[in-house]
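Below is one structure. I have some questions about it.
Every chain is named by a letter (A, B, C and D) in the order it is written, and numbering of its residues begins at 1.
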């Protein structure tokens, strides 16, 4: 079912992240060159050339990368250790495993599944988990397993969260909340141990709490938007990956705002997911560098 | 200096605002037709056909409007009185008188002055009042009077506000705060008695307080925006007229964000001012209808 | 399968189109009021108040519209006849019947089907006709009939077009070409006798002929777009309904351009279809008024 | 008058351009590091890792760059010669000298002058040359010299072009046509010998010839745009630097389209000029890489 997806063979993505210092770029590029790699793309960002933080994403082609990987990693460890920077190396021919958590709303879920089938997302989708069953048939029509884990009433969600963790644990590289309308506990985030990406509506100004579209309508906003971000302990306050807006007018009802908001949500979430899957997003404190 | 401005001769703009009810549109259009007017444009909005609020903007052409005005107004009063709706009628060949209040920043101020000279805003500008002097020469090069009213230190601004009121009183139809960095008292708003339009930066999410661009940078927002609104007692919380955003990336510094924000601010403010001057904006509670 | 679609009961949409003249708006609104209708929305446009063309869209609520319809139509015929304008009246509780013609590409097709199921398009979809079979299963999963009509080789398409006409004739109110990669003959357009909406990629500047995305890539365009229009005898030259663009960079491959173009295409087409289905689009010569 | 402009001291920008090959990035970054430079930003693009064209922009900080420049250049020549690539090195503390050619329209001209004064463009402006005199006073109010060179009637423009060349020759690093409504001869382009940037309106589809806004209005376009590009022998066909669009509706007159078009033109041109002045634009065949 990922037949249309063509991942780049013998390509690797290296992420370097640490204190900026002279000679670091040169050390990395020289190493890759020495180990037979040809740099295909290189992006870097420095928060400040003097004493700032340095971020680099290098994609390189190396014939028989799988065979050379161990040696390249040993070389990276030795070369980068004196600089005191972190790094990670990923084989780009291996798709990331993405789980989707959903509730009743299907707009973000179906958009991801459709792009996945179309080969637009470099991922596999081992499972969709939902606390409702209405999307089961649709999900399975994409040859994706669907699991129903009902939400528990009340503040204690430990049991349903435990069941979700059992399903996810070891099986996924990241999780997407595609309008999953349950707040996840910090305990859950720790136990799954992989990045979690969320999408939520956004307004200028922000409207907190229930019925945001009705509040936005009452305030007469001229734009409605969406923000995709990594989930952290602070609900809806994690590092932003992508945002976008769409124009609305006084003639739009609260229902129109919801419909247009849904369009922005699925567009923003699909871009954020694609960029995360391509290792384009580097987290730093509470913000992101998107290469 | 308004030589390039061509205002529509013998055109009038009627705004009707009140409880929606059957026969209201017909009553208005029949009246205009009976009094020799030809409707050029008609926009209306109803919050709810059953028991909602109704808003209408009708522009009509009436040869010798000035001569017929008294009779049309008497007719409107008689016809609309049974409906219990409010209305206002304006001669569109008469530009509105717009005062601008500014501080040091010139981007919004100069954009308005330049559009005014170019004939893009149906207004006259009897004065610019600023609490700094750096823009005086620029303002006067547009043949617009410039008055310097320094801001008072401390919470009591009654004296400087009184001087501004003396300058404005009776001379202007509306006021634009073109990045005027002083909070106006409710007392001031009551005394000037005309609409006041403001512009401020906007983010998703909102960043309250000082240094918003630095905070937006730290949070890694991907959009910066601007909101233009009517000033009410609640600072920055009045009815929104127009909003827009521009994309930014991690590579933009806080200074870049400020520069790009300035571009959005002047674009948004100039649209809001144009629409207000053309009687396209109707206030209702805490939001606007923009026809 | 249209269970989520809630069409407005006892609402009618009146379109008036003809030479602008004094008293026309009043005549229409008075008539609606007299016949027990309450105007919900009214939009109008005049190309020129003096001797121009006038367009009006009025939506009104009339209890028991079905029962009153004959009398309202007789009244309209009598009232509007002296003005020499055309008009049409439609019961908005009756969805338009929309056929979709498709080829291999599924992005526009599935987006329409998905919005249809979600209740976002006020239509029924009696059939999808495609000249390939790859989308059959997807289409039928929406409970929509799928018919396969292979394209004929060579310039003569009369046989396959005749089969399509047989399927469509009398069964549909309009046709959407959702990336249908066959040129339809004028004979076909005449025989089906209903509006046909198309979508195609658009660039600044335009790139004519085959491989437009490759050409756009070579020319280094910074925007790719899409245009939805009514199909006329002049291929891709009919009245434009909607357009939009998305930013691209030198780093985007021709394949990336195609992917981003596909996103714009489905967004633009779905808006055009929605507006057409809501009677918001009035054709005039080679352009449209979109209310 | 460039008092607000702060150019980065001891920063250099290196552009490398040639056939892609293994070891090239490493060679460049090693050299900079060895010569005491710290890379501040590095962007690269390859049309194809195997046998494609490679483009690189490296900004680095080097204390006492002026003193070290000769040695760095010698090193670059020696190091890059075996790779067969071209390169250029520029001291970023030295602003580029930009001449502006204008006609009657002032919107692009004033926007550039205003951004220049505000410190947003890393340039000096030694002169504005116009074939009309209406902008002279405005230009000089920015302390920028204004020269009037009237256009010759008829096809032979050799005399006026010669006068313009005399003014520009040796005094400028690039030229901006800010709505300069004269076609420049190839002879002129050769003689001035510096890049020339133009701005023109753009539509989807394109409208060739006179009165494009009227034609766009007749065709009912929903977007109007602008394209900034380098001037080549083929009028309006040179490599595109930047493009953008704005939405319009049937209610916009041809005059409204012109006004909105003017806003897009000045925004697009100012971005293109900024990027060119910052050495972010690399030409390759008939397109650009914009870093």
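Operating definition for what follows: a residue touches a chain if its C-beta (ideal position, glycine included) is under 8 Å from a C-beta of that chain, and two chains touch if they have at least 3 such contacts.
All figures in this text were calculated on a predicted structure; none of them were measured in a lab.
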- Note on the structure: Counting C-beta pairs in contact for B-C and for B-D, the higher total belongs to B-C
- Task: If we define chain centres by averaging CA atoms, which chain lands farthest from chain A? Would you check?
- Result: B
- Query: Using CA atom averages as chain centres, what separation in Å is found between chain A and chain B?
  - Reply: 42
- Message: Could you work out how far the Cα centre of chain B sits from that of chain D, in whole Å?
- Response: 36
- Where chain B touches two or more other chains simultaneously, the residues are 41, 45, 251
- Residues of chain D touching chain B in their complex? 41, 106-107, 110, 114, 118, 120, 137-138, 141, 251, 259, 263, 267
- Message: Per the contact definition, I'd like the list of chain C residues that touch chain D in the complex.
- Response: 45, 202-206, 217-223, 225, 227, 239-245, 249-251, 285-290
- Query: In the complex formed with chain B, which residues of chain C make contact?
  - Reply: 20-23, 25-26, 29-30, 32-34, 36-46, 49, 61
